Amino acid sequence: MVPRYTRPAMAAIWAPENRYRIWFEIEALACEAMAQYGAVPAEAAKVVREKGDAAMAAFSQADLDRIDEIEAETRHDVIAFLTWLAEKIGPESRFVHLGMTSSDVLDTCLSVQLVQATDMLLADLDAVLDALKRRAFEHKYTLTIGRSHAIHAEPTSFGLKLAGHYAEFARNRERLVRARAEIATCAISGAVGTYAHVDPRVEEFVAARLGLEPEGVSTQVIPRDRHAAYFCALAVIASGIERLAVEVRHLQRSEVREAEEFFHPGQKGSSAMPHKRNPVLSENLTGLARLVRAHVIPALENVALWHERDISHSSVERNICPDGTIGLDFALARLAGMMDKLVIYPDRMIANLESLGGVVHSGEVLLALARAGILREDAYRIVQRNAMATWTMLGKPGGRSFRENLEADPEVAGRVPASVLDAAMNSDSHLGALDHSYTRVFGEAGPGRAG
Amino acid sequence: MVPRYTRPAMAAIWAPENRYRIWFEIEALACEAMAQYGAVPAEAAKVVREKGDAAMAAFSQADLDRIDEIEAETRHDVIAFLTWLAEKIGPESRFVHLGMTSSDVLDTCLSVQLVQATDMLLADLDAVLDALKRRAFEHKYTLTIGRSHAIHAEPTSFGLKLAGHYAEFARNRERLVRARAEIATCAISGAVGTYAHVDPRVEEFVAARLGLEPEGVSTQVIPRDRHAAYFCALAVIASGIERLAVEVRHLQRSEVREAEEFFHPGQKGSSAMPHKRNPVLSENLTGLARLVRAHVIPALENVALWHERDISHSSVERNICPDGTIGLDFALARLAGMMDKLVIYPDRMIANLESLGGVVHSGEVLLALARAGILREDAYRIVQRNAMATWTMLGKPGGRSFRENLEADPEVAGRVPASVLDAAMNSDSHLGALDHSYTRVFGEAGPGRAG
Amino acid sequence: MVPRYTRPAMAAIWAPENRYRIWFEIEALACEAMAQYGAVPAEAAKVVREKGDAAMAAFSQADLDRIDEIEAETRHDVIAFLTWLAEKIGPESRFVHLGMTSSDVLDTCLSVQLVQATDMLLADLDAVLDALKRRAFEHKYTLTIGRSHAIHAEPTSFGLKLAGHYAEFARNRERLVRARAEIATCAISGAVGTYAHVDPRVEEFVAARLGLEPEGVSTQVIPRDRHAAYFCALAVIASGIERLAVEVRHLQRSEVREAEEFFHPGQKGSSAMPHKRNPVLSENLTGLARLVRAHVIPALENVALWHERDISHSSVERNICPDGTIGLDFALARLAGMMDKLVIYPDRMIANLESLGGVVHSGEVLLALARAGILREDAYRIVQRNAMATWTMLGKPGGRSFRENLEADPEVAGRVPASVLDAAMNSDSHLGALDHSYTRVFGEAGPGRAG
Amino acid sequence: MVPRYTRPAMAAIWAPENRYRIWFEIEALACEAMAQYGAVPAEAAKVVREKGDAAMAAFSQADLDRIDEIEAETRHDVIAFLTWLAEKIGPESRFVHLGMTSSDVLDTCLSVQLVQATDMLLADLDAVLDALKRRAFEHKYTLTIGRSHAIHAEPTSFGLKLAGHYAEFARNRERLVRARAEIATCAISGAVGTYAHVDPRVEEFVAARLGLEPEGVSTQVIPRDRHAAYFCALAVIASGIERLAVEVRHLQRSEVREAEEFFHPGQKGSSAMPHKRNPVLSENLTGLARLVRAHVIPALENVALWHERDISHSSVERNICPDGTIGLDFALARLAGMMDKLVIYPDRMIANLESLGGVVHSGEVLLALARAGILREDAYRIVQRNAMATWTMLGKPGGRSFRENLEADPEVAGRVPASVLDAAMNSDSHLGALDHSYTRVFGEAGPGRAG
């Protein structure tokens, strides 16, 4: 992920320093476990831990360079690290990595990194949820037009729209919690997963210390269906970001103008057109969603490794693990800020709601006619006819409102009292179930409508 | 999905008859609920139920044609169905669909169909799990070579390999159970989800009768992150099928010949080469996996519907819902049968395991040298040297086994007793943790090794 | 592809009858070629052709059933067909398929089918191009607002917008012509492509008769990079359909109302809301684009077949070849019709263009200030200030037009003459290069602006 | 793309320095063109060019920092650059970017960068083609077994296998040349593509100087179907890389051992198993192919920008443009080196070819029986029976070769002379058409077979 979309805390998880730190921790823990179960002298494990901790505490660019230098010869990253570590630890290093295979270290480390990244993403999601909840309660009774097919449908509440997005992000949070469990496993099972040279209790020991579960059966690696499921969760979350971003983009368009991203003092929207204030944050989120989403394909292709493993997944994961978590972290943080500061125009919402002459109440009128005993088919025809007449003449001389057209219709006049038509034209009927919905979503209805 | 990969029971779920049956059930239940909560006369609901049930019981091609005929005019499928239903029910039809929107019916119906399909897929997964478990216990102690990078690594058990696939399919089963919950929701909330014309209790009533959960907040539709998550689960399962299929394809290749798909009497492998017996089932599964997997992309693109919904998801779902479930149903059934009848050649496994002159025990030898006090770096050099010498001369005059080469090596001779080398060359050491792994995966270790 | 999105002519290409017809043609041509180059008696080739032609002419459901019956035993489709053919031809059938492999027939047949399908798609594209060109000339001088970020930018011509889509579809046509060449190859090269049992001149003979090129080097199959490139072309075309569909959806939205899909008499937009006229065609096209686009992934995954071939591509192609071409054929035909009948509202375009009080001319004003000697940075600040003031007060008491605000600005007043501001506010300046652009795209500028 | 898979020359194309250099060049050329066509004083254009050239020549980290600083306020990258440039140029800077929009600079710059990157990729492809051609001629007559379904089929030549990959990469080269033309366009057409404030001749002038074509009709941006087609080409190439990589992985597997990646002195294959030499380069290429391939999805999703543009494509392209070209550059260079140094074992190829007792000649025997007057169906049955008998007893006591089994078959004995069976068993018949195929692919057959 390019620096422009990278936040330092998430990037640090994927930096070499963090990786080497975790590698050492795994090796040291395994050594301690082996000491406990007999394969390694307790004293040696102590030396490994102490000298290793010291080396990691003093870890610097020089160490990175030295490891790279060794890897240039051995062409094997874990061996390069172990060789460097041996230089720091001395003879006791022969008890390091005993009976283990590189993937024991690599895959368990990846689990730790993904767990660290996921915890950060969960916090990001919480910030999004907080912003959405706050704005949903703020606008619980803000009337706005609901749209299907981008055509005015029936009134709704802007808060309810946000509540829908909140509910989606709450589901996304649950998905991410499950995805975290998917990848929070530890494998220390040797070259092909038989524990031939390492006691299974070592795996259990290391897993417990790292907050992971021991993998049920590993081959040489932790099975990649776990990582595929993880990236699927990120992709679903990214798509939820896109849905909300697209909503904001629509609301800000010049003809709608119901909401607007906060425009900073000094900000410039266009080099050529000084009047521009563009929804660039939500457009940016739309693009970031595409990036994160595309990772599902290589992640799924990584599942079918050959036999007990091939290494084709590695180059994929070296990219999509940082790119996916960094990209999503940036996007969620941006989304939370954007929703927090979103400028909302309730007056524009009312203006738009009323702009079609009242035809948005056609559904209620249809029911009223049905209640008055008119057959559904006939009622539909009558209402459609008057709605189309209203629509066609919108803003033109001689144009009449939907209400006026209905009253003038001989099939309506006399059969439906004016009070019924009045009631049908009242948008407030669409706010009646808000407490029901809010309670379902937030667990509370919130304060009632201001007098 | 083309007929070649379609099983009738799954196809029936997606047939128009089943859809209309579910549509009617939703309408009838909603009508009964409204009768209970006041909006509809109880007598009318009874008529709707009775005449409707009779019409559905007598449903024939003529009804399909009639509905198509109406849709050709109205260009709206739900209205076409309701019009047909009105013809069957008479005046009481005016109480049908009261205050509801088409999507209330369409989306709830899709939930029912997906639940039906998922229950079938869960049964398919159980058949795969059964076959894998049976074969895993059958071959618990069948020695075979573990391979990383398709290069012989260390011995393992063929049963353990199958146990790994079992564990993956058990995870896939859990994922599918969760995916089922994702899409098992019901929405009867009106045009934009405000319950303006329909009591929320109607939704709860219908949901309960259909075995669904009421949707937290719907817009006009059930939110599509649910369906995206569902197709992600199918894609992960498909990738697990591919992993096992690729394993079988490798095992059957002419140079390996450790396993073979059952070849039917009368079957012909090639029009030009009568000697051919090809792993066509597993290759077919590989292709089917690609198809099912590709559905994640449009399913994810479906999430960001505009405002309270647009209908772009519909054409996607009309295809991927049947194609995905039919394809996966076919693939899982084929996989279960293939694994059930897979012909396994333990003698070839032994032959391959031994074909590299014993170098596959290099890891154990490395440890033995380390235990004998040789520094890891030196031990690695010694073992690598002798392994490469063995490998290079494989099958050539003057070639020696790894064991022979080690004994002749001055750095080894005298430092490592023959009994230690013997022990290092014994593949059985890789079977020691089988009980541990089997218990983790299957909950039982199974019977011990036959004498 | 479900029947709802299937047109019969394209479906017929993928029907078994057409496949068997092409298979026979390939076998008969190969037989005739072998007769010419010595391997087959001329008399036998004549019998094969005559009896085979008769059998294909009389081909019926009974023949389909018989072939299926044989395949149920042999589990090989080409052998089943050849066996059926032998029943029709008699002893001379021993000269059929001589030295050939099934893939020679299968892959060459697929090429023929894809060429047939592509020619249909090219005709579809021509219909789209025709409709776009007609409407582009019709609306060459129809002023409308250009939008970037969905925010009003500067005026443009609606015809120019369509010209841009025309140019994209013209590129798509070129891409499809190239894609057709990609897959128009013939392979008759035997089991692994060595021509061991078949003269290369047979391949050249059959290719020439079928309008194909002989494949450079085939393995057992025609290499799948060709098919991958083909599906990439379909995906790019699908994305172009989506771009135009999204444009129409935007133009039809209730707040914009600049264009509208034709609404049929009798059509119903919603079961609940009789006032609805939804852009369902363009939304449907958006979904179909997602479907066609998703095929690129399995098509690309099909490239890396093992060694001289594996059959994993087959199940993929049995689905995506019909689905992709049928789906795109339907979508292009729908698009052509939709654009042909699109209802366009020039008065709404003008109303929208003018709805922001003239700030859409801020770019021209910026240039005018620069020309008047004001530094770019200062000019930008001045114009931005007045544009924002206009925008903020839009439709509110005390709100002034951009022109009025500028005139009242002390930094503008006296430095820029009114006539310059007048000129800057004239949308016609954006029509000046239309002849240039039209000539580039269509090869002709078309008639000048009506009086 | 992580540094591990990044080559400096390709990375430099995407560095900010190169971008700013190109931005300036576009602005300077546009200024010169405007001077020529009247809008800008010639003297001013000269000042812009001279002071700008000087600023770019002295460009340093301080300049990068300054631009970032301005962007932090304006939140607009092009404005930030122009402001920096104005600081360097002084008052004449008011003639820079006159009547242009940011995208004129951004999109034309992207075209230049993609062209630069593509030229590098073309050179990479040439290196792959060179290596493949050299090895194909080297091994023109190296017999090896052709495999379909990974089952031995019929003999072929290893050179011919490579010729097939050469042909695919030659097609890929053509595709990349066309893809280069797709994205080699220039747009200087103003805010929404109407040339309202800029003469179309400016576009033509700049395009010609930069080696680009003027875009037919641009909106605010160059249409993204071009970039989608470009990434499709990269994806097809990546899939070709994967096909060859998978071939090498198969050939190196322990049971096949027909080829091997060069193993460096000092290289270590595994931390736990010193005997390992793994095909890590080809596995790495497989993973890189997945990464590059996945870019097609966001690239295709970028096509349907809203109206005259939205900026959702930007974050996608900021990542996939460098990642795709850097990843493919690295992969192609790695592939060329790998194929160049690939260790090939002709003796293992012969050993494998002969390992199935001669059944790989079943096709030729089938033809011989047919020529001897046996009906195809009967001949197939006879040959299949003897091939299966041979196969089943391979390496077992009493096992006989295919030839022996045939001679002992009463249906064969006496009907087919021994000389015919001898000829059928001769692999050289599969080399007869090599000159034909090589001439098609390489334009030359190369030297004849060494005596």
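Miscellaneous remarks
Should a chain be cited, it is by its letter among A, B, C and D, assigned in written order, with residues numbered from 1 in that chain.
Please note the rule applied: contacts are C-beta pairs under 8 Å (C-beta built on N, C-alpha and C of every residue); 3 or more make two chains touch, one makes a residue touch a chain.
The chain lineup, named per UniProt: A, B, C, D = Adenylosuccinate lyase.
Keep in mind that this is a model prediction, so the values were computed, not measured.
Two chain pairs, C-D and B-D, are compared here, and C-D has more C-beta pairs in contact (counted per touch definition above).
Think of subunit B (Adenylosuccinate lyase) turning onto subunit C (Adenylosuccinate lyase): fitted on CA atoms, that turn is 180 degrees, to the nearest 5.
The distance from the centre of subunit B (Adenylosuccinate lyase) to the centre of subunit D (Adenylosuccinate lyase), with each centre set as the mean of the Cα atoms, comes to 33 Å. Note: centroid distance subunit C (Adenylosuccinate lyase) to subunit D (Adenylosuccinate lyase), computed from Cα atoms, is 25 Å.
Multi-chain contact residues of subunit A (Adenylosuccinate lyase) (touching two or more other chains): 82, 97, 99, 147-150, 153-154, 190-191, 197, 249-250, 268-270, 272-273, 278, 280, 283, 286, 293, 297, 301, 306, 310-311, 363. Subunit C (Adenylosuccinate lyase) meets subunit B (Adenylosuccinate lyase) in the complex at residues 1-2, 4-5, 73-76, 78-79, 82, 97, 99-102, 190-191, 197, 249, 264, 266-273, 278, 280, 283-284, 286-288, 290-291, 293-295, 297-298, 301-302, 306, 310-316, 318-320, 322-323.
Across the interface of their complex, subunit B (Adenylosuccinate lyase) is touched by residues 82-83, 86, 91, 93-94, 97-99, 146-150, 153-157, 160-161, 163-164, 167-168, 171-172, 175, 178, 190-197, 200, 214, 216-220, 223, 225-226, 228-229, 232-233, 235-236, 238-240, 242-243, 245-247, 250, 286, 289, 293, 296-297, 300-301, 303-311, 363-364, 367, 370, 375-377, 429-434, 436-437, 440-441 of subunit A (Adenylosuccinate lyase). Residues 145, 147-154, 249-250, 252-256, 268-270, 272-280, 283, 297, 301, 351-352, 355-356, 359-360, 362-363, 366, 380, 383-384, 387-388, 390-391, 402 of subunit D (Adenylosuccinate lyase) are the ones touching subunit B (Adenylosuccinate lyase) in the complex.
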